[in-house]
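Two complexes follow with chain A in common, the first pairing it with chain B and the second with chain C.
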Partner chain A sequence: MIPVLLIVIPLVTGLIGFLIKSDNGARGWALLSSVLTLIVALAGLGLAKDSPLLHADAQWLPELGSRMTVGLDGLGKVLGLLTAVCFPLIFVATWRDSYKKSWNFYALMLLSQAGLMGVFMAYDALLFYFFWELALIPVYFLCSQWGGERRIAATFKFFVYTFTGSLLMLVGIIWLWSRTPDHSFSLQAFYDVHNHMNGGEQGFIFWLLFLAFAIKMPIWPLHTWQPETYEQSPTATTMVLSAVMVKMGVFGVIRWVAPVVPGGFWQWGDLVSFCCMFGMIYASLLAIKQDDLKRLIAYSSIAHIGLMCLALFAIDKTGWQGVMIQMFNHGINILGMWIVVDLIERQFGTRKISELGGIAQKAPGLTILLVIVALANVALPLTNAFVGEFLLFTGVFTSTATQYNVVYTVISGLSIILGAVYTLNMIQRVFYGNTNTLTAQGTDIKLNEKLALAAIVVLILVIGVYPKPMLQLGQDTVDQVLSRINYKL
Partner chain B sequence: MNSILLSAIWGIVMMFSGVFTQSKSAIRYTAILGLILLLLVTCMDLGGCRVDINVHKMLYFDTFGMLGNSIAFASTLIYVLLSGRDMEKVGHNLAEYFALVFFILCGLSIVTSFNTLLMLFLGIEIMSIPLYILTGSDKRNLKSNEASLKYFLMGSFSTGLMLLGIALLYGASSTGTFFIDDLWAGKTSSEPLFMAGILLMLVSMGFKVSAAPFHFWTPDAYDGAPTVFTSFMATVVKVSIFVGFVRLFDEGFGASKEKWQLFVALVTAATLFIGNITAVFQQSVKRMLAYSSIAQAGFMLLSLMALNQVSKEGILLYAGAYSLATIGIFAILIRMKDYTFEGFNGLAKQQPVLAATCTIFLLSLAGIPLTGGFFAKYYMLSSVVATGHYLWLVIFAVLCAAVSVYYYFRVIQAMYFKDGDGSTEEQPSAGFKGLLVFVAALILLLGIFPQTLLDLLSKIVYIY
Partner chain C sequence: MNNIIQLVWLIPVLPLAGFLLNGLFRNHLSKSLTGIIGSGTVLASFVISVLIFLQVKQPGFHGETVTLFDFISVGKLSIPFAFLVDQLSALFLLIITGVGFLIHLYSTSYMHEEEAPHFARYFAYLNLFVFSMLLLVLGANFIILFIGWEGVGLCSYLLIGYWFKNMDYGNAAKKAFIMNRIGDLGFLIAVFLMINTFGSVSFAEVFAHTGGVKAGVVTAITLLLFVGATGKSAQIPLYTWLPDAMAGPTPVSALIHAATMVTAGIYMITRSHVLFSLTPITQNVITVIGLATALLAATIALKQNDIKKVLAYSTVSQLGYMFIGLGVGAYTGAVFHVMTHAFFKALLFLGAGSVIHAMGGEQDMRKMGGLKKWMPITNITFLVGCIAIAGIPPFSGFFSKDEILSAAFGKSPVYYAIGLFTAALTAFYMFRLYATTFQGQYRGVNNTVHGGEDAADTGHGGHDAHGGHGHGLPHESPSAITIPLIVLAILAAVSGFLGIPEAIKPDSHWLANFLAPVVSGTEGANLPAAAGHEISNGTEIGLMVASALLAIVVSLWAGMKFSKKPDLGEATGFGKVLANKWYVDELYGVIILKPLSAIESMLQWIDKYVIDGIVNGIGRLVQYGSRQLRLVQSGQVGGYVLLMVVGILVLFLVELFVKK
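So, the complex of A and B:
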């Protein structure tokens, strides 16, 4: 029941949203819908794992062996909650942004939320593929319609990248389907199918599936769509992309790759880990050189996601717990960063670090909130990211899945230092120092932004100090999936 | 049988309707009536209620062929409803155009139900000759004349190859037969003569469905022909020949699959590659659609690689989804002032309904989920994967599908994201818009419940 509601509420309200031809009406409608979704999601959190309210199943395509099965397990809860939390925050924070034909904008945002919820909750491979694409289409229109100057080219690159990945994934899904004894798309059938396949075949399917997710995350060298898309998209959409949508990649690996083709997962772990590690350093170095705030955050996001992926392939329980909590944390933190960027851009009309400076004198409230978010981005103790990254690194270091665990830990550890360099450098140059002609007229943060940022800061500190409830949320999935990966060859 | 008879008779009725009335709408309504009747008798045929004429097993009516027919007739009906008025602009001989369309339908009913190679040949010829005329129907236009001549020369050449192939097969068969189910009987090894015959059949059918490297006539013929008739050629005609194609190779030479499939695989890969890559470089939407039809033919060729139940259902679904979407796009294209991509700039502001439906058609052609095109492609891919062979071809096909996004989305980008005054020549009527919305809804329905179409038809069968 609850998963169905989580998909249907944004879907229906989104479709209705196209008809509300008023700016304020559409904005309010979107916020109302997203708050409603949040309430439903919170209601779902407390329910036990096997509660019937958390699962739904209906006939869909019996001839193909596909059913409309949705459910919420630990992983679904973490990411469902993240999606549900992010959308109202995005709507509140960007309340003052104005869009041409804003009703279409908000309706498409809600549709993308429906797609995301579907991705995180589908228990059927074909249904999953459907939602995977559905989440992409609204974003394509959002970016192409309301984005920056080079939006069409950037979005197009993004679309072609992800679409190519998902088509390969489709081939992988069809192949797995043809190997299931009863020709079914159900998650359970997919979990059993590796018993009928040898190592080479699993390795091949691993790549078919993983490429789609690697593009989405993105992992070096498939990341080139990301900085450009983030830069050119309207900020509200960038928030969706980076806070929630990149998690689709991590999610996909946990739900549809690792337990489905464990043989391939073991086989290629080192190659992927190397790409992650290299990508982290590479992206961090690039982030240092960026002048555009959006691009800086985009590269920093590549580094953070790389670490999560690295921990996934370390196949270690601690690391996986870290991934669970870090997915949520990263979403929240990067959302906070975007809110600040959006504020700065709206006020001063530029995102260039070199053109800004001394904002702290004019906007002390903003600066305090930003610094907390930024410190969380660097994973300082007491912030949520510290918990996550600590677990991630512990996982990588103690990993028995690879013989290079020490190398991975040391080199990827460097990215934390580099992360501190670019984050603190950015704060220093944008917020401190002397004001220039542009920033002298700056004003402090408005109430709606303050609310959104404050909510994020509260989440950062609460999870940073008391992470246990969040860790428990994803626990059952971690145990289950890991036991499937550690099968006897 | 019903549909062959009725379409032939109605063709003659259409010819004479031009003598008795000058009213263009009367002629059009006669044609629409004929198509509705055709659809009806095909459904009756499916239900087992048919005119029984002893054809000495020359024709064989099975569900596959008849479903193919009903899809073709339904697409033609939608096509005439959407674009019938635009036929009037081609020239004065409206009744004759409709008569030719009905003769083509007669030919395609034979192609989808042949049981001997002679009937296949006859059907293909009955289809082709009216097509040559329709291509050149814009008599004052040099391009149309050129297209017609080119199409005619290439077409008759491929027909010659087909005859040669049939002759070789006849000679190679142990008893000397044209019946497709007897052809393989008694063959223990693939004799060179027999294989040469199969190869020639493949080449000539490849010509007709515009598979590379036999596709060179397609862009010129499609581009030169009056756009209304391009729409018909690229959809109804093409998919029906595919139904015949699958039938021929499934029943005639299914047993020698391994031998000729490598050739088909190479042809498929070449078709996909050339169709998609060349479409990327087109400046005119009409020409882009011509190449896109080649690319889509590449996907339909995948059904020959599988030849199982899934691929047969798939080719029907593909026929439906592809025809609907392409007819829809052409119906909009015909009314545009400018056929280039720039001509579509800003259409979404001028004609939101046209732009929205056109987007759905394009998404369907690109194979995005929630549209019929996705399941069409899905069926094709899964039928080949299920055989366990030619996986490289499947991966190659999806990569080509990713390329196709480029040129389909260029139209969407032009309509929505670029500024311009792209508009139609005249204000489209409410009925036209309503019908477009209906077709778009049909495509979405096929994309969520792909079995509905087939179920609906099988229910009709059940009632009888």
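So, the complex of A and C:
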């Protein structure tokens, strides 16, 4: 019941949204829809794991062995909640952004939300693939229609990357389907299929599936679409992309790679881990060099996601718990950063760090909120990200899945220092110092943005001080999936 | 009475409440209310700390843990939000809240020229600092300690950059945070190693299970923890942020960068002495780094002309002493020096602040001189501070420094010799500072004119916001400034009697007896200075007399020399090297920052032209390929049939040969 509602509400309101030919109407409609979704999601949190309300199953394509099975386990709850929380915040925070034919814009955003919800809840591989595309296709339109100057090139690159990934994933899914005894796409059948495959075959399928997810996260060296796409997309879309959509990659590994082809997961762990570790340092160093705020955040995000992926391949309970909580944290924290960037861009018409400065004098309220979000970005203790990073690093360090755990920890740990460098540089050069002719006209944060940012700050601090409920949310998935991966131990 | 310990959570929570009130309502609170909230909450914490101290002081008290809630609990790893109240933390509570309160009080006057919202921001940061520092010393495990550890770093960053319009101050703040972070990475890795080794981060668990652990692992853990300490407590190689941190308001320098935060490393190592005592390698590293830092910083202090810079290098140097103490196992001595140093260095900084205040923001000693005429209270209290730090008996610095030095002598006379030489340098530069500032002739120019220059210089009302002060001659500061000076001067003068050496009067080392339950656990005996007993009483008294005489002679010499003829010119020759801090900042720039920047540029090039170039190349290839393929779709049915037949043939052949 709950998962169906979470998918259907944005889907139906999205389709209706195309018909509301009024800017304000469409905007309000989108907000209303997203708030409704949030309420349903919150109601779902309280339900016990085996509550029938958390699962639904219906006939879909019987001849292909595919059913419409959806459900909410711990992982789904964490990411469903993230999706449900992010969309209303995005709509509130970007309330003052205007778009041509905004009804189409908002309708596509809602469709994308429906796709995301579906991705996180599908228990059937074909259904999963369907939602995966449903989430992505609106983004192509959003970026190419309402994006920046170089939007066409950026969309093209984004499309080629993700489409290549999707195709390979589809091949992988069909391959797996062909190896199931009763030709089924169900998650359960996929969990068992590795018993019929040798290591080499598992390794091959691992790459077919993992590439799509690695592109989505993205993992070095598959990352070059990201700064470009973030830079060119309208900010509301960038928010969806970075706060929620990159989690599809992490999610995919936890649900559809690690337990499905555990042999491949073990086999290629060190290669992927190396890419993650190298990418973290690489992206952090590049973040220091960026002058465009959006690109800076994009590279910073690559480093943060790299750590999550590194912890995934550490195959350690502590680390995986860290991944769970950090997926949520990264989502709201980066959303906070984007809200600030959007506000700056709308006010001053630029995102170039070198053209800004001294905003703190004009906008003390904004500065305080930003500093808190930025501190979460560098994982200061008592912010949410500290809990996540601490668990992630602990997982990587104590990992028994690799013999290079110390190397991974120490080298990727350098990103803790580099993160402070680019984040503090950014705060100093954008907010401190004296105003210039451009920023002298600045005004402080408006009510809607203040509300959105304040909500994020409250979440940052509450989870940072008392992470227990959030940690418990994803626990069952961690235990379950890890026990599947550790089948031979 | 026992339940007072259960109320320990109030001690950090009160300043936290002060932070929230002042922070959230900064636009609505009057300055006097802000000051009352800021100082009052710390005073209340001090009162509770005293009550707890009285409880802890009872004989037979052993540490008590107060658990508030589960912080992180994953699998076997459980980290509660818990506080540990024992002799060590109780002592630090007193120092932090006591000195902290005096500095808050001082700030109400010192920062009075700030606008109300900024005044409230200042007090909010200051309260947040006290909160973090209290977490640091109260934490019952390494993670709560680390929360405070990074928290104080954050507050330090915020307060150094308090005047955020000035980019130089911003740079200093950033440098402090990043250098601290380098140390913090070491600390964190040590924590991971502990989790891996002990499965726990709680002090009780870790220290109880050191038995079966390999020596190499303990050495690694302790060395990594020490890396953390070099960042926070400004030791080689991570000390260069501390002198730059003087960009912050002077009360901040007194509280954070002298009395409390920078001693966090000493606290942490003393807390973990069970681990450190197990590994001679780490102990030797700590001793050598401590000695080198003490000496290096003292030589730099000889040639500084900014009153706060002299004090900053002096702090680095004194922290070096504390590490010598830790390295040779004299944990009580190190903590003793933390305490006396908190008193006399806070006193010196606040005195310097009083001087800067009186001089309208001027910090260059060369433009001062003869201030004792106008500032009698500041003069006397500052002199007390100088005598205390120089190590002249019976003021406090003598006792604590000598405890460390005699323990060092027990390890090696060379350690002692270097320590003693550094002590002589300390006496020299402190009395150079004192004489140049308070004695001799007043060399100040017209303050009004100078204030204007300063304001033009820095882009805002001079340093410490007193540039526009514009008043004729220097004047004594108001009582909110002088009262803290007097209190601290008394403490700086008499607190040494808390640790009278065994050699002079047996069993009268109050501090050693008090701390015995915490720090003498591994030594197995109730000894005043852990390593001090290795030398005879006679030798120890001889060493004390020698160092006292040296301190007195050097102090008098420097005092008279610079009263008559202050050192006003630019430094030349070797002096120039010292004035330029041995060019260490420049060295770091060449060997670290420049190469890093080059790597960044190189990576940016690779990202754009190699990685993205390959991607774009593939993209173009696909586009080209599809343009060629398009030609196949010509509309000629015959062509299609041909292709179909070829296709079927290929499939047939594949079927025939491959699928056996």
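Some notes on this structure:
Keep this in mind: the second predicted complex is superposed on the first by the 488 of 489 C-alpha atoms of A that agree within 3 Å, B and C clash if a C-alpha of one lies under 4 Å from a C-alpha of the other, contacts with A are read in each partner's own complex, and residues count from 1 in each chain.
The working rule: contacts are C-beta pairs under 8 Å (C-beta built on N, C-alpha and C of every residue); 3 or more make two chains touch, one makes a residue touch a chain.
These figures come from a predicted structure and were not determined experimentally.
With the C-alpha superposition on chain A as described, chain C and chain B clash in the combined arrangement.
Contacts of A:234 after superposition on the shared chain: neither chain B nor chain C is touched.
Contact with chain B, but none with chain C, is seen for A:167 once the two complexes are overlaid on the shared chain. Of the two partner chains placed by superposition, only chain B is touched by A:133; chain C is not. In the superposition on chain A, contact of A:269 is made with neither chain B nor chain C. In the superposed pair of complexes, A:175 makes contact with chain B only, with no contact to chain C. By the touch criterion defined above, A:282 reaches chain C but does not reach chain B. In the superposed pair of complexes, A:156 makes contact with chain B and with chain C alike. Comparing chain C and chain B on the residues of chain A they touch gives the larger count to C. Stretch 205-213 of chain B is the one among 61-69, 169-177, 187-195 or 205-213 that clashes with chain C after the shared chain A is superposed.
Overlap of the chain B and chain C contact sets on chain A: residues 156, 160. Of all the residues in chain B, the ones that touch chain A in their complex are 363, 368-370, 378, 381-382, 385-386, 388, 391, 394-395, 398-399, 401-402, 405-406, 409, 413, 416-418, 449-451.
The touching residues of chain A, counted against chain B in their complex, run 60-61, 63, 129-130, 133-134, 137, 141, 144-145, 151-152, 156, 159-160, 163-164, 167-168, 170-171, 174-175, 177-178, 208.
Looking at the complex, you find that chain A touches chain C at residues 156-157, 160-161, 221, 223-225, 282, 285-286, 288-289, 317-318, 321, 358, 360-361, 364, 368, 375, 380-382, 387, 390-391, 393-394, 397-398, 409-410, 413-414, 416-417, 420-421, 424-425, 428, 431-434, 466-468, 471. Note for the complex: chain C touches chain A at residues 23, 69-75, 77, 117, 143, 146-147, 150-151, 154, 157, 161, 164-167, 170-171, 174, 177-178, 181-182, 184-185, 188-189, 192-193, 195-196, 459, 596, 599-601, 603-604, 607, 611-612, 615-616, 619, 622.
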